[in-house]
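Chains here go by letter, A, B, C and D, matching the order in which they are written, and residues are numbered from 1 within each.
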Amino acid sequence: MDELDIEAVAEAELDDPVLVEGLPGVGHVGKLAAEHVLEELDSTLVRRVYSEHFPPQVEVGDDGVAELTSAEFHAVETEGRDLLVLTGDNQAQSNEGHYRLTDAFLDVAEDFDVAEVYALGGVPTGELIEEYDVLGAATDESLVEALEGHGVEFREDEPAGGIVGVSGLLLGLGERRGVDAACLMGETSGYLVDPKSAQAVLEILQDQLEFEVDFADLEDRAEEMEEVIGKIQEMEQQQQPNVPSDDDLRYIG
Amino acid sequence: MDELDIEAVAEAELDDPVLVEGLPGVGHVGKLAAEHVLEELDSTLVRRVYSEHFPPQVEVGDDGVAELTSAEFHAVETEGRDLLVLTGDNQAQSNEGHYRLTDAFLDVAEDFDVAEVYALGGVPTGELIEEYDVLGAATDESLVEALEGHGVEFREDEPAGGIVGVSGLLLGLGERRGVDAACLMGETSGYLVDPKSAQAVLEILQDQLEFEVDFADLEDRAEEMEEVIGKIQEMEQQQQPNVPSDDDLRYIG
Amino acid sequence: MDELDIEAVAEAELDDPVLVEGLPGVGHVGKLAAEHVLEELDSTLVRRVYSEHFPPQVEVGDDGVAELTSAEFHAVETEGRDLLVLTGDNQAQSNEGHYRLTDAFLDVAEDFDVAEVYALGGVPTGELIEEYDVLGAATDESLVEALEGHGVEFREDEPAGGIVGVSGLLLGLGERRGVDAACLMGETSGYLVDPKSAQAVLEILQDQLEFEVDFADLEDRAEEMEEVIGKIQEMEQQQQPNVPSDDDLRYIG
Amino acid sequence: MDELDIEAVAEAELDDPVLVEGLPGVGHVGKLAAEHVLEELDSTLVRRVYSEHFPPQVEVGDDGVAELTSAEFHAVETEGRDLLVLTGDNQAQSNEGHYRLTDAFLDVAEDFDVAEVYALGGVPTGELIEEYDVLGAATDESLVEALEGHGVEFREDEPAGGIVGVSGLLLGLGERRGVDAACLMGETSGYLVDPKSAQAVLEILQDQLEFEVDFADLEDRAEEMEEVIGKIQEMEQQQQPNVPSDDDLRYIG
């Protein structure tokens, strides 16, 4: 195998498509969002990208059949803009790997005449989220304005430290190729897989690209996570029964 | 030396051979199994693979003579399928190294017209094993069925995290070259070198490939390991003489 | 993108310019010094160097627009020697990266007919600094003498362990290309961003290159840092109210 | 600079020379030994090897002049075999680096028609040494025998784990080029720079190659180290005044 190996699995006719990327990351927000689109809408697997920058690993399916780890592109036609959805189980394992894989992903996108890229991800806040804001960054100001119109927040110095990995480079390398790109980052605690944050990100993307998906499944997964969180909190309280919490003290008098 | 250097030590006429890989890994199961085959059957060293992806290291023999670390291929004729056995003292030391070495190993296999690959290894359970099950994964369903017929277990979501390293890539890269490949993973605690798990794996391989080896030596090594385990357990008990174990408590009444 | 990508943003006519490098490092001394020059004097961004040896990262500006991380060269005309100022947010992330980026930086310098290089940085002392000495190293003895004349200290065995990173390699690789180069290292505690150390380094550079900048802004930042240090020391004292310090004990009798 | 850059500093006519390598390692035994030869005998610096596999670093001399880190070859004529002595301040920083630098070192050796290589180093014992044995390994049995005749010990399974780094690869890659090579490893505690171990190694090398150096300076350094060890032991005793040592107990009766 070469350093990068792009397998053409099928072809698809997409009308002015946008690339939507959702690889693993904070709270699995981007991956959950991209996979939810594939579950809700009809899609065709069109490309697989294998690379020695991924871990040396196969994934084993329920049928016992192993497959070399890869990133996958699915073609999705919607009532709005058509989508080329990029998902996978791994990020690159080195600096150079991130640059080279992102370049390969942009090559695939160019093959499908993609002129706009949306990188989906999460941004960790360190605490449980009440209201799921979505932060943004983009390659040019007109895209910033359009997204602001749909409720995306652009905050000074956030995310601190910039945007790292494929999501960041889709903007950085995209801009250098003349491709418009935006990153949509759902706020998430950073401790747990976060379907609610994924939904918040998808709702923005829907408005921007004028397509629609059903959120019932994602809401079910969110409820399951709520129950898990509830049980963890219960267990923590039982372990410290005699220590009054700040709230208890506040109401003594 | 180049990045990869394949030394042709000897030639051998093998009849429809299969590649059997046993490099170091969990419980040294694969390595023990492959080396046991070489100890019990006549074999010829046919290829050495040197690589800068191995550690920068020489091994020193009993005669004081040093040899550059390498992976070795031995040709073995059996009453069943002929074998090309791959062993060695090291794994690759990087992601890229795993991909490139596995490609080189498959190149050697192709030179010998190998059409089927068996990667041997261990899967850690975290506890001492009573019954030595063997888990499997393969590149296609017919191979899965054949191995199930010999008692290999194919379990949903196991091994969790997929199969990593050369064993995994022999399946992943093998499949992409059109080579059938299976991985046989003996359950093992993960804490100790495990000859019993190696024997369990070899018994499956024997059935599948219709050859036979004697297990007396491997059983002797297993007994030695049992004694070691016994002594460790004894020492642990002596260090905590006053703490009744779960077993003690269970039998009080 | 290639391994290294030099973007020509603008051209500039510089008269016998010197390269002044200030990338992130100990106490951010070099970066503070180089950026202060750019803030005080008129400058033109002439080159950007992108590289997969930098982190896979974009930085997001106040307008929400993301830019691929890069090193930047600004052309600065002064009343003394003209300057080509190299700054950026990142160092290379690997050994090879340091060598290859420094070679690229020297290539850019050659494009502008730079014949002399000044690498600015900090050297950690492990304690708060009273008097801000500047240590030096250079590619030849005449440059050592000239800098000694401006108060730079050249001390046996300092910095211990040599000079590491781009600053060191500008001297090492510069010398091998026949470019004169010196490193000016301001003493700094190593614990905090240190504007005073940056000023000490710049004062030497001014004398050597016969240009002048105003230090009011850098002095303001130094005062802010002093306040921060003061508050930290106060907090530490409050946490240990009953433990007499060495000084207290010394004056008891 | 390329990945590897061999600078021809001077030429030298050597008569059937041997390569003697002493790079940094356990107890600095090899480096001390090689540098002692250069201090005691007339030598000419003939080659420098620069490489991006070394750290990105310059060393600063007493005159304030910085030099890019490198490995150096000195030509030394002796009354016995002539020597090409390889020393330096650094080892390679990666697996691949070790392989590629060793290949470059063997290229330089070939330029000088070297047919025999001696890699000097230390082997850690974990305890203070009374009698300084020297362990060996070689590329063929006749060299093993010759060295055994001079008192080198060849022990089964030692050094455990083989020989790692340039010293190991000089044997491993040397053998593959048809160059005879041996490794001489002085026993050393592994905790301290060990001039006595270096002397033990050099005494063997002298006998084997029929040259002679004075050991007075190395003995002085050994005495200094003994004093350091003595002071450390004293300090340790003062910190635990009431705990009788094994020695005390042994002499009570």
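Definition applied: a contact is a pair of C-beta atoms (placed from the backbone, for glycine too) under 8 Å apart; a residue touches a chain by one contact, two chains touch by 3 or more.
Note that this is a predicted model, so its numbers are computed, not measured.
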From chain D, the most remote chain by mean C-alpha position: A
Chain centre separation (chain C, chain D; CA means) in Å: 38
Separation of chain A from chain D, taking each centre as the mean of its C-alpha atoms, in whole Å: 54
Residue numbers of chain A (touch at least two other chains): none
Contact graph of the chains (line, ring, star, complete, other): ring
Interchain contacts, given as pairs of chains that touch: A-B, A-C, B-D, C-D
Contact set on chain D toward chain B in their complex: 92, 95-96, 98-100, 102-103, 136-141, 144, 148, 154, 156-159, 161-166, 168-169, 171-173, 175-176, 183
Residues of chain C defined as touching chain A within the complex: 1, 3, 5, 50, 52-60, 62-69, 93-94
